[in-house]
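Worksheet: the structure to be examined is printed underneath.
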Amino acid sequence: MGTTHLFTDADVEANPEVKAVFEDIRATRGSDFVNNIWRALAADPKGLKRTWENVKSLMATPGALDPKTREMIYIAVSIANGCSYCVHSHTAAAKAKGMSEDEHGELMQIVALAASTNHLVTALQVPIDPEFDVK
Amino acid sequence: MGTTHLFTDADVEANPEVKAVFEDIRATRGSDFVNNIWRALAADPKGLKRTWENVKSLMATPGALDPKTREMIYIAVSIANGCSYCVHSHTAAAKAKGMSEDEHGELMQIVALAASTNHLVTALQVPIDPEFDVK
Amino acid sequence: MGTTHLFTDADVEANPEVKAVFEDIRATRGSDFVNNIWRALAADPKGLKRTWENVKSLMATPGALDPKTREMIYIAVSIANGCSYCVHSHTAAAKAKGMSEDEHGELMQIVALAASTNHLVTALQVPIDPEFDVK
Amino acid sequence: MGTTHLFTDADVEANPEVKAVFEDIRATRGSDFVNNIWRALAADPKGLKRTWENVKSLMATPGALDPKTREMIYIAVSIANGCSYCVHSHTAAAKAKGMSEDEHGELMQIVALAASTNHLVTALQVPIDPEFDVK
Amino acid sequence: MGTTHLFTDADVEANPEVKAVFEDIRATRGSDFVNNIWRALAADPKGLKRTWENVKSLMATPGALDPKTREMIYIAVSIANGCSYCVHSHTAAAKAKGMSEDEHGELMQIVALAASTNHLVTALQVPIDPEFDVK
Amino acid sequence: MGTTHLFTDADVEANPEVKAVFEDIRATRGSDFVNNIWRALAADPKGLKRTWENVKSLMATPGALDPKTREMIYIAVSIANGCSYCVHSHTAAAKAKGMSEDEHGELMQIVALAASTNHLVTALQVPIDPEFDVK
């Protein structure tokens, strides 16, 4: 019973394109565990590859933001877009990368505050202050 | 011409409840500039006060997250909720609190990446991995 | 300059299907003013007719809810869906049907509060209490 | 098994800050039943307190709008934001405050109608009529 | 256990208005199976009738777009609005009308791509090119 | 006056990474016109490159779906996500790829219909029919 076919490890073995991506996920993360989003995407190997490459280059490559901050931004977007699975998987990732209970609590409150002012501004049609414009 | 009445400084002077909030905004921020969201909310002094107190206690009070990170989370939520004004005002705030051009670029890309995977997960109805559940 | 062609009264005169809908809008509302949404929809006469009939049967026909309450619900949905035009036109309608400044202020605050708790609940993945289930 | 830890009554007893909020919820509502959103928020006592105070001051304090109308507005926003739990808990609250089956049916239809016109307006980029602007 | 009462065939038999709509659904689709959305809407016979007539006239009547394309558009909107049930039921319909696995894979990727650029555009507040305006 | 800096052709000339992407956009599309989204993204050359490569590989490469259908799906998602700019630019693209006025009208109506049923389903918490599950 399920709503999308999730590739088992045997299914992965049987498809070389999928297998190559799964091996890269495991090597990049240093863990044998591959979560369900990748098992669902595997039905479309090109889509799987494109999605993983985007995720890898942004979330698993050093850059201007530290890994924990990136995960918290990811969680914030996922909440606003109403994606439970994404909230779960990236909350797990953020904790693994050092997010404390207090930081998680503040993240929740900032997301809730932003949502309330987002709705107020939309409701009131507030014009952008000239001070905020790029010269 | 305008879609919402924006309180001028003269309007603010004439209403003691509004004036008290505006004075607190100016004192808390150490700046005379009060942006349009507060001038639009001023038509409902109780709503103005509640909103400001929530913003002040979360965005202008020391806590677990540093001020720049809080603003970036605020921006991320505002993008996902489609609030242009909020994106503008909090981008200005994040820059004032030290967000670099590179950090801004990465923020944009993470938000865009999260949006794309949020939609994929909703499309594929990915079940939550038992590994992500709280024990 | 404009992003969608808006039917002028002359365009309306020239198209019998569109003219019939515009006459019904004017008669139902008891006013000669027809706002831009109808002038934009007129490019697709069947879509115009379907949309007007749905709006008319729900918003301009007596039912269980009073007209002012209906308009406030319409505003609330339009804010959450980020539709500025809809917020504007239905705020005008709600005021015409008796919404006071205080009621408008409370409406804004309830929408903002609901948005903040909506995001918290999504973030925390709160399971539905068995007490809320239909037997 | 669960995705968020829900505070049991024993957990609540053990934390004085949480206990104080729970006692106020029970006293304000005149009922011993405390639903899951509060049990999930309890992990962050400050967030719990802020959220409850906002909810209490808007939903459980006399104002311009009657309690049933407030709950229907809350439901409308929660549907548009895609929050199932919120739809459930506030539908239960609206029924407790007198919402009839016919009123519920009309609420559903107005929300659905607003959503469809919201999307049409966004699609057609309808410019705001000068008649709707605040002078 | 359930969150909305779903009309059984016996409930449908007992209500002539509901029965008439269900008979039309079965006749139009040439199938005895009636899915849950109609069983949930049946509690409000007028809402059921309005919704079915809108669906029937757009999805089950020949027009400019072929049936498969219509269903793929429906799926795309349902993903962006976060409606799981709708994604499921219209994916089943699209497959019944000829959507291949490859077409489904591309649909997923286009939806994900559009979501990512939608967020970027909102983030960057890109002004509309004059070239895109209607003359 | 503007809210985001838009790269002029002179700015593009001055940055080799940006210039390379702009040349590929022009070559792929067979047109000298480069619209504003790319001029806004150019401030982050890596983000510009990633976004263009995703768009190019999905929208400008032969696949299972024809180019017109892809653009209509893109429009549908952009409406649901409330992105005006995206609706405009992809409506122009869809027309260039053969979308007729009638097809555009039907697209609008299907998007509006899907939005209304999406909201109804969320409101009613319709459980997924076992018939729709993948075996």
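Should a chain be cited, it is by its letter among A, B, C, D, E and F, assigned in written order, with residues numbered from 1 in that chain.
Heads up, the rule we're going with is that contacts are C-beta pairs under 8 Å (C-beta built on N, C-alpha and C of every residue); 3 or more make two chains touch, one makes a residue touch a chain.
Since we're looking at a predicted model, the values are computed, not measured.
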{"item": "Identity of the chain that, by mean CA position, is farthest from subunit E", "value": "B"}
{"item": "Rotational angle, Cα trace of subunit B fitted to subunit D, multiple of 5°", "value": "180"}
{"item": "Counterpart interface for C-F, drawn from A-F, B-F or B-D and sharing over half of its contact pairs", "value": "B-F"}
{"item": "Whole-Å gap between the CA centroids of subunit A and subunit B", "value": "21"}
{"item": "Rounded Å distance, subunit A centre to subunit D centre (Cα mean)", "value": "27"}
{"item": "Numbers and ranges of subunit A residues touching at least 2 other chains", "value": "2-4, 47, 50-51, 54, 77, 79-84, 88, 105, 108-109, 111-113, 115-120, 122, 124-125, 128, 132"}
{"item": "Topology of the chain contact graph, where touching chains are joined (line, ring, star, complete, other)", "value": "complete"}
{"item": "Residues of subunit D that touch subunit C when the two form their complex", "value": "2-4, 6, 33, 35-37, 40-41, 47, 51, 54-55, 58-59, 63-65, 69-70, 72-74, 76-86, 88-92, 100, 102-103, 105-107, 109-111, 113-122, 124-129, 131-132"}
{"item": "Interface residues, subunit A side, partner subunit E - complex", "value": "3, 43-44, 46-47, 50-51, 77, 81-83"}
{"item": "In the complex with subunit A, residue positions of subunit E that touch it", "value": "82, 84, 88, 101, 104-105, 108-109, 112, 119"}
{"item": "Subunit E residues touching subunit B - in the complex, by the definition given at the top", "value": "75, 79-80, 82, 84, 87-88, 108, 111-113, 115-120, 122-125"}
{"item": "Residues of subunit D touching subunit B in the complex", "value": "1-5, 50, 54, 57, 128, 132-134"}
